[in-house]
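Letters A, B, C and D mark the chains in the order given here, with residues in each chain numbered from 1 onward.
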Amino acid sequence: MAKLKVGMIGGGGPGSFFGMVHNRAIALDASRELVAGAMRTDAKAALRAAKDYGIKGYINYQAMLEAVQSGEQALDYVTIVTPNFAHYEPAKAFLQAGIPVLCEKPMTMTVAEAQDLARIVKRKKVPFVLAHTYTGHPMMMLAKQMIKDGDIGEVRKVDSWYNQGWLATDLEKSGQQQAAWRTDPKRTGISNCGGDIGTHAFVAATWVTGLGVKKVSARLNTFVKGRVLDDDFNTICELENGGTAVITATQIAVGYRNDNGFRVFGTKGSIEWHQERAESLLVRHGDGRDVTYWTGAEFDLPAEVSSYFRVPSGHNEDFFPALANLHTTIERQIRKGRGEKGIPVAFPHPGVEEGVAGMKFIKAAVDSSKKKGAWTRL
Amino acid sequence: MAKLKVGMIGGGGPGSFFGMVHNRAIALDASRELVAGAMRTDAKAALRAAKDYGIKGYINYQAMLEAVQSGEQALDYVTIVTPNFAHYEPAKAFLQAGIPVLCEKPMTMTVAEAQDLARIVKRKKVPFVLAHTYTGHPMMMLAKQMIKDGDIGEVRKVDSWYNQGWLATDLEKSGQQQAAWRTDPKRTGISNCGGDIGTHAFVAATWVTGLGVKKVSARLNTFVKGRVLDDDFNTICELENGGTAVITATQIAVGYRNDNGFRVFGTKGSIEWHQERAESLLVRHGDGRDVTYWTGAEFDLPAEVSSYFRVPSGHNEDFFPALANLHTTIERQIRKGRGEKGIPVAFPHPGVEEGVAGMKFIKAAVDSSKKKGAWTRL
Amino acid sequence: MAKLKVGMIGGGGPGSFFGMVHNRAIALDASRELVAGAMRTDAKAALRAAKDYGIKGYINYQAMLEAVQSGEQALDYVTIVTPNFAHYEPAKAFLQAGIPVLCEKPMTMTVAEAQDLARIVKRKKVPFVLAHTYTGHPMMMLAKQMIKDGDIGEVRKVDSWYNQGWLATDLEKSGQQQAAWRTDPKRTGISNCGGDIGTHAFVAATWVTGLGVKKVSARLNTFVKGRVLDDDFNTICELENGGTAVITATQIAVGYRNDNGFRVFGTKGSIEWHQERAESLLVRHGDGRDVTYWTGAEFDLPAEVSSYFRVPSGHNEDFFPALANLHTTIERQIRKGRGEKGIPVAFPHPGVEEGVAGMKFIKAAVDSSKKKGAWTRL
Amino acid sequence: MAKLKVGMIGGGGPGSFFGMVHNRAIALDASRELVAGAMRTDAKAALRAAKDYGIKGYINYQAMLEAVQSGEQALDYVTIVTPNFAHYEPAKAFLQAGIPVLCEKPMTMTVAEAQDLARIVKRKKVPFVLAHTYTGHPMMMLAKQMIKDGDIGEVRKVDSWYNQGWLATDLEKSGQQQAAWRTDPKRTGISNCGGDIGTHAFVAATWVTGLGVKKVSARLNTFVKGRVLDDDFNTICELENGGTAVITATQIAVGYRNDNGFRVFGTKGSIEWHQERAESLLVRHGDGRDVTYWTGAEFDLPAEVSSYFRVPSGHNEDFFPALANLHTTIERQIRKGRGEKGIPVAFPHPGVEEGVAGMKFIKAAVDSSKKKGAWTRL
C-alpha cells in the first residue's frame, strides 16, 4: 500500500505550533508522508522552512498547486494550517483542482466563504475534513455513535464548554505569535474566543448529537483591556429538535489548560466526556451505575470506532493520535474513492457542512451579543 | 455548656426527607438537641410524628410558639423544613417573637414575603440562617474566604451548575411525595428546578464570590410532558462588578445525582469545587500547579474555616456535618448574642439577604424566560 | 421504639479523638443515646468529662457496671474507646455480665486475651462488634456481599494498604497524646503501625473476601529514630484458599492522610475501594467497562446493604455514618435478640472472631519480621 | 539537521505489537526515520514485512549488520523489538560494531548475558537505551529529577506496582502470539510476569529513586492452570540505603489494563505517579496541599525535563511520545557524540546498567520464591 503524499500550506513560522503537530500526525501511521509545503508567506522563508522539514518547498500555495497540476509534484491531499484568514483561498484553489483538503478550523473568515467551499466540495465530490482534532478521539466518536444508535434516547440538553487561561493577560502585546494573530480581527475574523475554541464546544454539541443549532442567545465579553475581540463567550442555544444547548468558552480562566468537554442528557441516558482525560467516556442510564468506556478496549464496540485504535486500552493514545485519526479519515475517503480494497469505513468526521454551521454559529452569536442577547437564527 | 433546645416545624411526613436530615445534623454535635416539633399539618399526625422522634409534639407551629411564649416550652431556635409554601408564615411568627430561625431554602414563595422576613430580621436583630446545606462544607467556606482575601484577584466569571436526573420522568405521577410538591406551583412557587436547585447554583455564584447578580437572561424548559413548571433552568447573568455568571440547573440529566459545583475565574487565579467530592477544593494560579486543599487539614487555613472541622483530613465529613455546620453557625450567633465566652466566630453563612436575592433571581429568571431571554433586572 | 441507652468507657481525655467520634455516631440516628460514661482513669477527671458530655459519670468502668447490675443504671450496650491496653478488662467484665460491647480495634493486647473474649462471647451469646469503622461504609459492605455472591468468581489475590504520614517525624515527643500512646509498647502492644492501621488493611483483605490468612512473611521497619515500635509494616500472606494477599501499612508517607483501600482480583472480576472516596466502589469484569457503584443508589442492591443508606446517592454520607452503621449493627442485633419486630437484618460486621484473627496476624507478622521474613503461621 | 537513520530488528510478525509502536515513535519527530529492518526469523517473511513497512529489508540481523559494515546501508542506530530470547545476540553484534542500540526490555535472558552487554557498552562507549517506555513520560522524569534534587528528602519507602488482567485465563492456548511467547520459558526466560511487567515496577522503584535493590524476598504464583511460569509476582525489597520497596506485578487482575505506578515516601515529601494518567504527577509535602504537576506546563520545571515537551499542557502527549522520548534520548546521545551543536541534554534514561540490575532482580526474586521467600542478594 503506497503512502499517501501530503502537502502542507502554512505551519512553517517560528512561532507556529500546528504545523509540527500535523507533521507528527501525518507521520504517526506508516501510510502517509509529508512531502511538500508552502509554509510561509515570505518566499525565501517558505523555502527554508520546507528545507528544515526535509520536504520540497514552494514559495506559495499557488506554486505548489501548479506543480501538482503540471505533474511535477505528486500530492494526494493537502493540509491547511495557516491562521484563519488564510484558509479560504488555498482551500478553494485545491478543491477546485480536485485535490482533497484537510483544513484547520474555524473553516473561513465569513459565512459566505464557508458556503462557497461547501458548494465546491459538493460539486467536485472531493474529500474535505475540518481539523476539529478532538473529534478524532475515539471516545468522542463513540459518544456520537452511541447517540446515533439511540443508546441514550432522544437528546434533550447539552452542556458544552471550553475553558482556557492563556489569554487572561494581554499576552498578545508580548509578541507571542499565537496570541497575536488570534486577537487580531484581520487575521482571526469577527471572534477570537468564539472562533478559536467556542467552535470546538459548538462541534461537541452538534456533531456528537447530530443536532444542529437553530438559534442562539449570546453574551460575549472582553475582559482584558485593550483587546478588540471577545475573550469570553457564552451562549444558550435552541437545538433543531427543540432541545437546549449551553455552549460556553473562555480564555481568561487562569490556570485552566484545555478544559474542553460536554455532557449530553437524553431521555434514556447521559454521556459525559472531558478532553483532558480524552480516552475515557462516562455513560449513565439512571440505574445507579456509572459506566466508563476506554479507548482501545475493543470488546463489542462498533468497528466504526474500534478500527481507529492503535494500541490496547491502558496505554493512552491521546492528542497526536486524535489528530492522526482525522488524517486517517481523509486517507480512507481518498483510498476508497480510488477503489482500493479492504479500506475500513471512514468515520463521519466534521467536514464542510460542520464548517458552514460553525461560521454561522459564530456570526449569530456575535450578532446576538450586540443585540443584548436577542435570540438570533443561524 | 447547656445544649441549645431546637424545635422543628415540618419534617414529619412519611415521605419527608429533610426532617430526619436536620435531626441528624442537630444531634451530630453534643451542643444541641431537638426537643419539640410541629411536624405535620394534620394535628393527630403531628403529635404522632413527634412521638416517633421522641420529642414534645404540637398540633401546629402556632401552638408551639404559644407554649414558648407562655414559658411552657424552652426553645433556643427553630428549624423550618416544610415545603416552600409553608416557610414564610412560621418564620415570620417566630422571628417576630424574637426566636432565631434556621429555614430551608428557597426562603419563601414570593419576593415580597422574602423582603418582609428581611425587614423583621433587621428590626428584631434575631439570628436567621438559610439552609443552603452546601455552604456548610468547609471547602466551600474556604473558597469564599480566599476570594474575600483577594487570593484570586478580582472575579471575572463564574460557572455554577446543578445537574440532577431524578425528574427525567414524570415521577410526581407515581405518588412520590418529594416530586409531587416540588412540581406543584401551589406548594413550590413559580419555579421548580430554578427554585429547588437553581438557587443552590445561584448561592454558589454569589455568596462565594460576594458579588450580587444585577440582571439575568434566562431560558427555562419543561421537558417532561404534563409538567407545569420548569425542569431545566439556564441563565446568563451580569454580576454587580460587570463580570458574568453562567448559572444552570437541570433535573432531567439521567443518572446524575447531585452534580452541583462551581468554577470562579479571577484575575489572579481560579477556584473549582464539586459537591460530590465536597471535602476538597481545587485552586490554580496559572503557575503550572494544581493545588488541592482538604477539609480537616488545618495548617495555615483561616480559623473562620478550621474551627468548623471535626476530624483530621482523610476522613471525609461530608453531607450531615455540612448541614450541622449551619446549625453550628446559628448556635454560635445565639451563644455570642447571649454573651457566652469562648465561642468561635460564626461564619457568614447565607441568611435573610441571600434569601431575598434568591427569590429575586428566580422571579427575574422566570420573567426573562417568558420574554424570550430579555435581560431582566433583579 | 425506645432509644437504646449507651455507656462509654474511655474517650474523655483532652486529647481524645474517638470518644467524640463515637458520640456523634451514636447520636446520628434517633434510635440511640449516650447516657453514661466512665471516661477517664482519674476519678475526678472521669466525672468532669461525663459532665461535659451531659451524661451520667462514673469513676471507673467497674462502678458503671455495678450500677447497671444493681439496676440503678439502664444500659443497652457499652462502647469501649480506650487505648489498646485498656480494651480487654472492661470488655470482659461487661460481656460476662451479659452486656453487649462495641469495642475499638485492635481488640486486645495479646492473642490470649482476644481468645478469652471470643470464648466469653460464644458462651454468653452476647452481641459484640469490633469498631473497624471502614467496614461500615456501605460500599465496603457491598464489596463483601458481591464476593460472597460469587460476582467476581474465586478470589486469587488481594492488595490491601493503609498509608498515613502523621508519624513521619517523632511527633510523640511533642506531647501529642494520640502519637504518645500509639508508639508506647505498654499502651499499644507489640506493634504500632501494624496494630493501629495494619489491622484495617488486614480486615479489608480478610473480612471483605471471607478468606482467612494462613501464614505471613513480614518486614517491619522503624524509620523514625528513637521510636521503639514499627512505623512501617509490610507483609505477603497466604490466604486459606491458596491465594495471596499483599498487606501493607505505613505512617511515614508524608502528606498522606488515610489512604486505605484494597483491590480484590477474582477469576471472573475485580473490585477496588478507597477509603478517601469511600462512597463509591469500582467493579470490573474484563469486558472493557469500568462500573462504579454509589452509596445511596438503591436500585437492585441487596437489602443487606441498602438498609443502611440514610440519603439518596450524590450526598456522601462518609465517615460518621460509617461508624454509626456499626452502632446500627449492634443495635439491630440487640433489638432482634429481644424479639423486636421489623428490625432489618444486621450486616455481619467484624466481631470477636475478626478480633482474634487480627491479633494473631499482628503477632505472626512481628515474629516473621524478627525471623527475617520466615513464613509464619497465624 | 539530517534525519537519523534507524534499523529495526524484529517487529514484523503478524501478531507483533511493538514493531509498529516503535515505528510510530521513530516517526513522531521529524528528526529520525526508519529505513531498514530484519523483521522476522523467516527470510522471506522478513523481506515481505520490510516491504510492507516501505523500508529496505534484510533476511536477518547479520545481513543488515554486514550491509552497514560494508557501507551499503547507512544506519545511525538500531532498535531491537524481538521477544526476550532474541535481544542479546543482535544487541551484542551491533554494539561490538559500534552501532548504538535501543533495546526492548527485559534486556536479556540471563544475568550473564546482561553483564556481557554492559561490558561491551562500557568498552565501546556506544549509546545504549533500554526501552522502558514509561520512563519516557516527562512526569516520571520529573519525579526522578525532583528526588535527585532533594525535594522530598531521603527516600524511605517505595510502593511500585503493575496490575494487568489479560492473562487471567489461558489466552496462550488460543494462539494469541503475545501471550504465547511471554508464557514460554524458551522465549521469555525464567519469569513471565516478573520479566514482562515486574521489571517496569522495578525500574520505577530504582531508576526514579536512584537507589538500587540489595536483596529481595519474593512470592511468585502461577494462578492459571497449565502455565509453567509465574503470572503473579510479589516482592519486598531492601534498598541500598536501608529503605524498603514493595514491588508487585500481576497479570490476573481481571479488567485491569496497565495499572502501573509508584509512590515514593521521603523524609520531606512524597511523590505519586500512575501510568494510566501519565501526564500528571502528584507531590505532597505534608502541608495540607496536594500539588499536581502536568506535562507541558513549562514554568520553572527543569530543562532536563521540559526540553522533551512537544505541546503545552492540557493536550496529553501520552504513550507514543513517551516511547519517542527514549528515541530522542539515544538521538541526543548520538548527535552529541558526533559533536553536533545545540543538542539539548539527554535525560539519563535506563541503559545497560538498569538492564543488568533488572536481570539480577528477576533472578533473585525467582530464587527467593523457590526458597520460601528467603532474603536473596541481587
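We take it that a residue touches a chain if its C-beta (ideal position, glycine included) is under 8 Å from a C-beta of that chain, and two chains touch if they have at least 3 such contacts.
Worth saying up front: this structure is predicted, and the values here are computed from it rather than measured.
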Both-way neighbours, i.e. chains that touch subunit D and touch subunit A: B, C
Winner on C-beta contact pairs when A-C is weighed against C-D: C-D
Whole-Å separation of chain centres (CA-atom averages), subunit A against subunit C: 54
Whole-Å gap separating subunit C and subunit D, where each centre is the average of the chain's CA atoms: 42
Subunit A, residues touching no fewer than two other chains: 256, 287, 290, 294, 297, 313
In the complex with subunit D, residue positions of subunit A that touch it: 1, 3, 17, 20-21, 23-24, 27-30, 52-54, 164, 166, 256-259, 275-278, 294, 296-297, 310-321
Subunit A-facing residues of subunit C, complex: 287-294, 297-301, 313
Of subunit B, residues touching subunit A in the complex: 152, 156-157, 159, 161, 163, 165, 168, 217, 219, 221, 223, 232, 234, 236, 244, 246, 248, 250, 252-256, 263, 265-270, 284-287, 290, 372-375
